[in-house]
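In what comes next, chain A is part of two complexes: it sits with chain B in the first one and with chain C in the second one.
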Partner chain A sequence: MKQGDTIEIRWHGRGGQGAVTSADLTAMSAIHEGKFAQAFPSFGPERRGAPVLAFNRISAEHPIRVRSGVVKPDIVVVLDPGLVTLINVVDGLKPGGCLIVNSTRSIEDLQGEFSGDWTLAVVDASSIARELLRVNIVNTTMLGAMIKTAGAIKMDSLTEPLEEKFGARAKANLEACHKAFDTTVIGKITVGGQKKVRTFAVAKQPTWSELLVGCAVTDVGSTKRFCTGDWKSQHPVWDDKKCIKCGICSLFCPEFCINQQKDGYFRSNDFYCKGCGICAQECWTQAIKMVEEA
Partner chain B sequence: METLSIYAPKLVTNKEYIASGHRACSGCGEVLAVRYVCKALGRNTIISNATGCMEIISTPLPETAWEVPWIHTLFENASAVASGIESGLKSLKRKHGYTKEVKVVAMGGDGATADIGLQSLSGAMERGHDFIYVCYDNEAYMNTGIQRSSETPFGASTTTAPSGKNSLGQHTQKKNMAAIAAAHNIAYVATSCSSYPFDIMSKVEKAMKVKGPSYIHILSVCPTGWRCASNLTIKLGRLAVETGIFPMYEIENGKYTLNIDLPKLRPVEDYLKLQGRFRHLDKDITAEIQEKVFDEYNKVKRLAAGNKAK
Partner chain C sequence: MTAKRIGIESSLAIAEAVRLANVDVIAAYPITPQTHIVEGLAEMVANGHLDAEYIPVESEHSAMSSCLGSSAVGARTFTATASQGLILMHEVLLVAASLHLPIVMVVTNRALSGPLNIWGDHSDTMITRDSGWIQIFVENGQQAFDQVLCAFRIAEHQDVLLPTIINVDGFHISHVIEPMYFLDQEAVDGFLPPYKHPHALDPDKPVTMGCFAMPNLYTESRKALDTSLRESKKVILETWKKFGEMTGRYYKEVETYKAEAAETLLITMGSYSENAMEAIDKMQSEGRSVGLVRIRLWRPFPYMAFLEAVSGAKNIVVLDRAMSLGGPPPVCSEIRSALYPQEKRPQVVSVVGGLGGRDISPDDFEKLIDIGLGRIKIGDTSETIMFGVRE
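Let's turn to the complex of A and B:
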């Protein structure tokens, strides 16, 4: 919904990654510049690790009356590298808009994923965050990339909100932000430049007339259809030489996805594994290692 | 391989009554506790579940993770609904020759048990309905974003009891729900922890044998709300027991039994330092907490020793 000069931003992240904080900081910086701004998140019952959305509206001239979610953004920022192939992140992105992605992939490679008249920016924010902040939380880092590519807010106006929100940790966050600003690679996406067309599953919600009385669900155990495996950033790997087949991993798995195979050894089902790392922590013989997702 | 007989897969049924694909946070201790409770309960169960994490994560419409009959109730009436189901079953047996033995179970988080649903729980226990109440205590309203409840321990920082210059976070002591349940003179009350699967299962089995109300309080580690790494769930649960912060005991017809009686408790720092919600605590406060833990632990120990003497 265009409202004069309003800029709309959509943040794609995972629960716990800080997309909501990114949106908050952007709005606080814009307000600091004397503009009008909104920031709000949108998520369902899903938790830490699940894909979440956050939105911004920024207007230099007038108060913002629209309160709905952003469906036609000017800027899309993707905080998690895995989300690009999982969700249609460019859904509704306006022609001439910006797509900013955290990824270790090259810009040429990513250009082949999309088709449209957009600017593409790529930054390896995870590496920057791990190096400077020692955690893979890329919210402030991605702000640097966003400022460079789209310039929705100014770098200087970010300092005060950062200090307010992070206190003593503001300095390292600002450093990460600057490093992302310097290392972001910007290119173009063209219409028809897509190498491989992906289709994205859209969850079908029942309409009111399809619901049973009292919202009864007769399809028992039907969450098994739902893939929670894409929430994870690490997955367990077994060393069968060390394994004593005790099954403690299977017993302590909160996804109930570790099963004994025919040969007696255990494996996790990656369709459900959320990568919590309990199995690796609790394994008596340390036969399990957590390995970063590619 | 003599020890083969104690290997976990042989001791626990493979059958799950709550399915994968639920939306719990990674490393959730509460859903683990639910899993063990359901394994022990088995197929012939009707669950009445109060609003809270376990309701939200298990039943995103139009899906459900449950493989036993399950009803979502409000915060305040999980026990009232369970009472109704139990009475309905009784009536079916009396009037229509229904013979199946079905166990009615009410479940709720600490908010639904100790705060909002306390009246209906108290009423159901007082009326003597044949049901089990299981409280999954993750020590705050985690589902809505870590607001304090009356089960939040002293000194923990939550969003509605934040730590700061003039506040150390939660300034009241954790409510002793097991003692409140025991005060209703019910046949079986127990406390357990999500890190002790066999303890949970044996306690649920005991509760199932009881005619009348029984209450099980399970400390469930919440990595999101306790602000700790998701792989520490099991370790933290063990530490809560080993430091004496959460003693595991049973009260059978008023008789106390301490299930894990440690000769020497670990210092509370071991437990506190792993959690972000206690990060702000200084030495004096920690010492205060330590003293309180000794007091409470010894109280339970004395009650258990008193039984032995008889």
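Let's turn to the complex of A and C:
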């Protein structure tokens, strides 16, 4: 089925970061260039903060027929710095492919995370987005890094789709895209150059005969083991000097994961905190700051 | 066992069977031609003759939802409906099957709108065909009484735990007074063990029912449900054997009537089978080689028993009392797919008739068989015949 000249891209992000928009804009730009292209998300329940995927296929020659998710990408773009240690982002990445990561970490540091014959590109997209867009949504910024590293689309062809999608905000987004293009650092990953080997858990799937009658779940409280803390890209940090111990943060936390400690101050439980920032928003004395995940 | 012979309307006999089964919950919304069943039950509960909760709901969707809840806590649950009521339940019917909740339901089969029609055919239950419910057809009031009792034992068996529909033709069975034999309470109590769901809802032993399944689990869940439904046949046959030993009334997945060595077989389901028997008797007396095969178990479909029943036939005339608009009718479609892998296949001709209460008398059945055979003779069996339609 796979047609020879098709470029396949897999975007890794978190719900709300705009990975789907990145893929949409990429496809719209490629179509604008007269190519065949598709963009689609990993279909499923949308949850802000949960790891999500989006996909592109681009071909200069043929209409795209394959509608399955991209499992052997030519290009992988990671919008969230934390995902690199959480998910095997290079799964199926073709030899000679590109890995493009939003991170404050140095390229040397990140090179040590992977082993393969790949190009690695690193850009501090979060800082660029916060500076130029005043929000940590890096979809358009990461497009700049992708164009610089892999050139799947041309920078010029992005203008029209961006204006269509963002209207008055297109200019700032284009600026962020250009800044990422200019500041992306490109290097190489080598086979065997990995310094830190990570293992990623693969859940065991039951066979049909292992399911309980009616798919009942008798494992009481199994949701407690669901680490929603994996979803966050920011976490709350308390300045106890400003804290008046009112407990508003705890009251508003939709995850009920902020608890009062023995000293009377409040802290969040990292295992469950999704990093939504409602506590920081609600805090009367502005004692809570949301800090980026490393 | 002493059996009392009485004359009673089939709907009330069904209500009596439900009372004897000592159900815990009945949730129903009245709809023609099911009303006499649920009115009978409501009266029994009101008069204290049946110690059960009768939930008078505001719609069939709510009726089936209530049944779902009561069955899930481990209460023996009954409902009855027909036609539009059955299809209003539809969303919840599929959930009942997937949750393995052994609700027993009588469907007094009736046509579907439109045009609005309150009379009998099988359109309503055919739309429920793929829902995961066990489906059994009966041909008279006695069978309705018997099969309701059997249904509780089948549905609630620990190896089955599946909801079960007893299809009782609207009016032609439901509203007919017939002689029948009832069972006494002791016999029924001995036949029906108490219902216990292995994961019943219980605050002291929490369980999640009806959870979400991603693409990585949904296929397995459907395979598990399909396997349970297919394998329920073993329990169905065991139950009928035990019931036969108790009452002398034996039931089979596929039953035949004077079918041995018959060249041509008519296939029917439900009450019109008895009209057809009259026609078979007459035709055989005239030297015609015709017989009758009645499918009692519609889901799970009894492929092997069916193939065995028709193994000697040259011609098969299938009567469907429902249509699949734009495609082959459901029973014939099932039969053709059962026969396709066979090396020796009879000719099959499809007839639709008896829609929306249109009668097919014994005389009509003779005509119907002859029209079918006529088509086979000229080698034109591709189209379904609409019996009795005015051209």
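By our rule, the second predicted complex is superposed on the first by the 245 of 294 C-alpha atoms of A that agree within 3 Å, B and C clash if a C-alpha of one lies under 4 Å from a C-alpha of the other, contacts with A are read in each partner's own complex, and residues count from 1 in each chain.
Note that in this section a residue touches a chain if its C-beta (ideal position, glycine included) is under 8 Å from a C-beta of that chain, and two chains touch if they have at least 3 such contacts.
The structure presented is a predicted model; accordingly, all values stated were derived computationally and were not measured.
In the superposed model, A:His62 lies in contact with neither chain B nor chain C.
When the two structures are aligned on the shared chain, A:Lys188 is found in touch with neither chain B nor chain C. Of the two partner chains placed around the shared chain by superposition, chain B and chain C are both touched by A:Cys215.
If you count the residues of chain A touched by chain B and by chain C, you find the higher number for B. By the touch criterion stated above, A:Lys72 is placed in contact with neither chain B nor chain C. When the shared chain is aligned, chain B and chain C each come close enough to touch A:Gln205. Contact with neither chain B nor chain C is seen for A:Lys242 once the two complexes are overlaid on the shared chain. Once the two complexes are overlaid on chain A, the chain A residues touched by chain B in the first and by chain C in the second are 44, 205-206, 211, 215, 217, 220. Contacts from chain C toward chain A in the complex involve residues 98-101, 161, 198-199, 205-211, 213-214, 216-217, 219-221, 223-224, 227. Against chain C, in their complex, chain A makes its touches with residues 44, 205-209, 211-218, 220. Remark: chain A residues 15-16, 44-50, 205-206, 211, 215, 217, 219-228, 231-232, 245-248, 250-252, 254-257, 260, 269, 272, 274-278, 280-282, 290 touch chain B in the complex.
Those residues of chain B that touch chain A in the complex are listed here as 7-9, 12, 16, 18-29, 31-32, 35, 56-67, 197, 223-224, 229-235.
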